[in-house]
Amino acid sequence: MAEYLQQYLPQSLAYLTAALVHAVLILVVVALGTLIFIWLERKVSGRIQDRLGPTRVGGKFGWLQTLADGLKLITKEDLRPASADSMLFLIAPYVSLCASYVAYIALPFADGWVAIHLNVAVFFIVAVLGLEVFGVMLAGYASGSKWSLFGAMREAAQVVSYEVPLGICVVVPVLIAGTMDLVAIGQMQAGWFFNWFLFHDPFTFIVFWVYFTCATASVNRAPFDLAEAESELVAGFHTEYSGVRWSIFFMAEYSSMVVVSALAAILFFGGWNGPLPITHWLGLADSANPLAHYVANLLGLINFLGKAIAGVTFMMWVRWTLPRLRIDQVMATCLKYCTPIAAFGFAGAVIWTFLFPGGLVIPNKDWVVQEEYQLDEPQAQSAASTSAASTSPLAHADSGLHAEEHHGTD
Amino acid sequence: MEPINWHSVFFLLFALVGCGFSVAVLLTSNVVRMAFYLVLALAATSGLFFLAGADFVGAMQIMIYVGGTLVLLIFGVMLTARGPFISMRTPAGEWILGAIIGGSLLVVLLSAATSVRAWRPVAVAEGEARPTATRLGMALLGARVDKLEEPDPTQREGMSGYLLPFEIVSVHLLVVLVGSAYLARPKKRAVGSTAETV
Amino acid sequence: MATQTDDPRIIEFDVRTDEMLVNMGPQHPSTHGVLRLVLRTDGEIVSEATPHIGYLHRCAEKIGENLTPRQWIPYTDRMDYLAGMNMNLGWSLAVEKLMNLELPEKARHLRVLIAEMNRIASHLVGMGAYGLDLGTFSPFLYAFREREKILDLFEEVCGARLTYSYITVGGATADLPPGWLQKCEAFLDQLRPVIDEYHALLTTNAIFVRRTAGIGVLSAEKAIDYGCTGPVLRGSGVDYDLRRDGEQRYTEMYDGYAFEVIVERDGHYPKDHDYPPVPKTAVLGDCWHRFYVRMLEVMQAMDLVRQAIDRYSMCSGDWGTPVKLTEKLPKGDAYMETECPRGQMGFYIVSNGGSIPLRARARSSSFCNLSVTYDLCRGCLIADVPAIVGSLDIVMGEIDR
């Protein structure tokens, strides 16, 4: 986008504007996503529990309920316990939110629609998501409440442990793809749904479920929501929070739920590629016409969001069905089940890829034959060329940061 | 109008944040605040790496250093907690010792930096910042793919893979893991109790 | 209060951490009202849990010394507010014993019907709230959905949904409304499949079993020593139910009713082919067994209600007219125990010949059941404390009175 803006603005301003537009768009996604998912959670839980959920605010389906609640939260008093470490107490929710917000930067929403086309996007997202726990730790510690401290300690132990199997699970699609670039991983799964890495071999299928379990645990959702276990720890780490700061924790929680679901969608479910290669049949994806490509990306965006929402809804379903595990059981699940199964799946996937390099059903010849070393450049360039042609604000796969760098080296 | 050099702006920003919070780590006496400042300083360092186009190292920095600080924080709270908030006062002797060590390191680094006669220009060609992750990964597995681009045959000879160090480090980490699990083992086990060992 | 460091159940770690004293309650989501537990914790491990009670004390017994027995009936409602009918019944029986009143046949079956219906309602709440204690929200609402239907039925009977004051000295305040028995049978018919849902969601759920099986094991001896009664006692394998083993005046109410005491005999519960099997990890006397006994008692109560409906509809004549509000009491005292959903509920009345008793006293089951928490919570994890306290199914209104 920076190049596009350069036609109208001085170069230095163009880059700044492009970066700001990306940042604001992601912020909108985070905030709007939280609104929608909290509403969805209420509807889903309501339906599961024989209730209606919100029905009134905003007319049908109570779709403005979250906004009304948000307004209420803003008007509430921002309480701060006298025994709290006030600086850390005030800053902790924003640390959590920042962590999950930054993860969106490397998350592609469609083919090439990504704020910064990172070469190590998978690694980056996993690393950044692990930082969310830091805000929780700070909140629990700085609240000056014993229940909060319990919650923080639980969260820290849990998330740090679950990062191990989560990392192993994430490595499996990376291994099959031969790159940590999420855009490239998504592109490799184009075509029919059996090109998705979920169906690549039996091991990836197993690994996906381990990934989802670990992801649920690492974003602190039931049955792993020990840090805020309301029947044990009152409200855990956010016991002392109220009003806006409390809702910011919720924003962080919901946006990281979306991030891990979206990551699952890209790594295992073909990302923006639909189950049927409709965009190829219509000739949209391969067309040289930027408008056609834009339409294909729009369809891809719908696909991608659908998959991410399905993942989040599944988490909600689990939350409203299962009882909570105990802390030792959570640790046992991680160390005795998730890690060995993930390691087994990893080893299996390595052997399978070695024996059948083409995948389970039909080998996708387009990418298998590519030399692993030459993988990065052609794709990055193709992504750049397509996005430069399109007029989408999110388009511009990789120019943001890289272009700035080049300019800086002038 | 002179175009703003965003690269330099961000470099200065990250460098200032990193230095500022490093100083803050020294000056505060609260363990958790220390850890928080340390996280910010390390995150700013990773920002510098990203700015330099070293995505992989940047992400590594976040994962290992910031995650490591987290564990440090947990231990800091768990092992030193006597009151609600932990205070650490550094005695004057330790200040002096720290100043000597830190100062000598600074002198070495500065002299090394100033002794370079001419900084090499950026090796990357204009308009193309190549990702490094694949090459790093291949090198760790023993294959130096960047060998192919090195024009100097003598230098090319010296470029070997890092498989052996990689394996040594891996085994070392495994030993550390097993050892820590052994150390954390409870001395007494529960008898007739409902609680399992954690 | 001091922790005994030589207690072999307390785990000692290489890394010594500080003990922390935390207050669970009285404003805590999972202490079933206003119970306060002072936990001494070492990390996640609870070395000591001391219950503190008295936050809901309303001087009910003192009030009973200033009211006639029928006037005190509404106060008994507010003791175990989840089983008001059973409370009314217990007090009425005690007063009737003192006055040596004989009741018509129809009143007997009416009381069985109503008391067992309330037992279902009470156990449904106990079950749902137990799910809540373990962190699952939906079974709570499913349980309340069914309980609402019982409350609707009770509302038709007496106009109240929680504090009924329906069963009273001399019988009940009114007969059942016409068509009520059919509605009651329809309710029981639709409740049966719902019970299977509860079993699927809780009793046999893998996480639920892990959270409850082998946790908070209460041996039969200890249960007897502490004076535990009701499902807590039977969950420890003690075959004792006042409906069978109680006083003549109470057990004759259940004369001719077919029911088996829900207790494990030789590894089996009565009629357990109908129910999910006992998991291998479960130990007799643990949280899971207490919960399971309660679930089976719901089935048992459904069976009893059906029998009561048959008998009641076959009876003709009077449903039992209440005595006068200011009826003179004979001089003397009487103690009567009944099997309430939570256990043995005893009422004691002393009279010097006036219409107002000299002394009214209640012996509550929850109080004795709660007293085992100190023993059971030693060395458990924090998450086990709600699991153990919840499995005792206490009602603070009954403990503090």
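Going in written order, the chains are labelled A, B and C, and every chain counts its residues from 1.
Convention: contacts are C-beta pairs under 8 Å (C-beta built on N, C-alpha and C of every residue); 3 or more make two chains touch, one makes a residue touch a chain.
All of these numbers come straight from a predicted model, not from anything done at the bench.
Of the two chain pairs shown, A-B and A-C, the one joined by more C-beta contacts is A-B. The chain closest to the protein's centre is A, with centres computed as averages of CA atoms.
Per-chain Cα centroids separate chain B from chain C by 60 Å. Rounded to whole angstrom units, the spacing between the C-alpha centres of chain A and chain B is 25. Mean C-alpha positions place chain A and chain C at a centre distance of 47 Å. Touching two or more other chains at once are residues 78, 195, 197-198 of chain B. Chain contacts: chain A has residues 153, 327-328 touching two or more partner chains.
Under the contact definition stated at the top, the residues of chain C that touch 2 or more other chains are 43-44, 381, 384.
For chain A in complex with chain B, the touching residues are 10-12, 15-16, 83, 85, 87-88, 91, 118-120, 123-124, 126-128, 130-131, 133-134, 137-138, 141-142, 144, 149, 153, 156-157, 160, 163, 178-181, 327-328, 331, 372-373, 375-377, 380, 401-402, 404-410.
Considering their complex, residues 1, 3-8, 10-11, 30, 32-33, 36, 39, 50-53, 55-56, 58-60, 62-63, 66-67, 70-71, 73-74, 77-78, 84-85, 122, 126-127, 129-135, 138, 145, 195-198 of chain B touch chain A. Remark: chain C residues 20, 22, 28-30, 43-44, 131-138, 141-142, 145, 201-202, 205, 207-208, 210-211, 381-386 touch chain A in the complex.
Of all residues in chain A, those touching chain C in their complex are 45, 48-51, 146-147, 150, 153-154, 222-223, 225-226, 229-234, 320-329.
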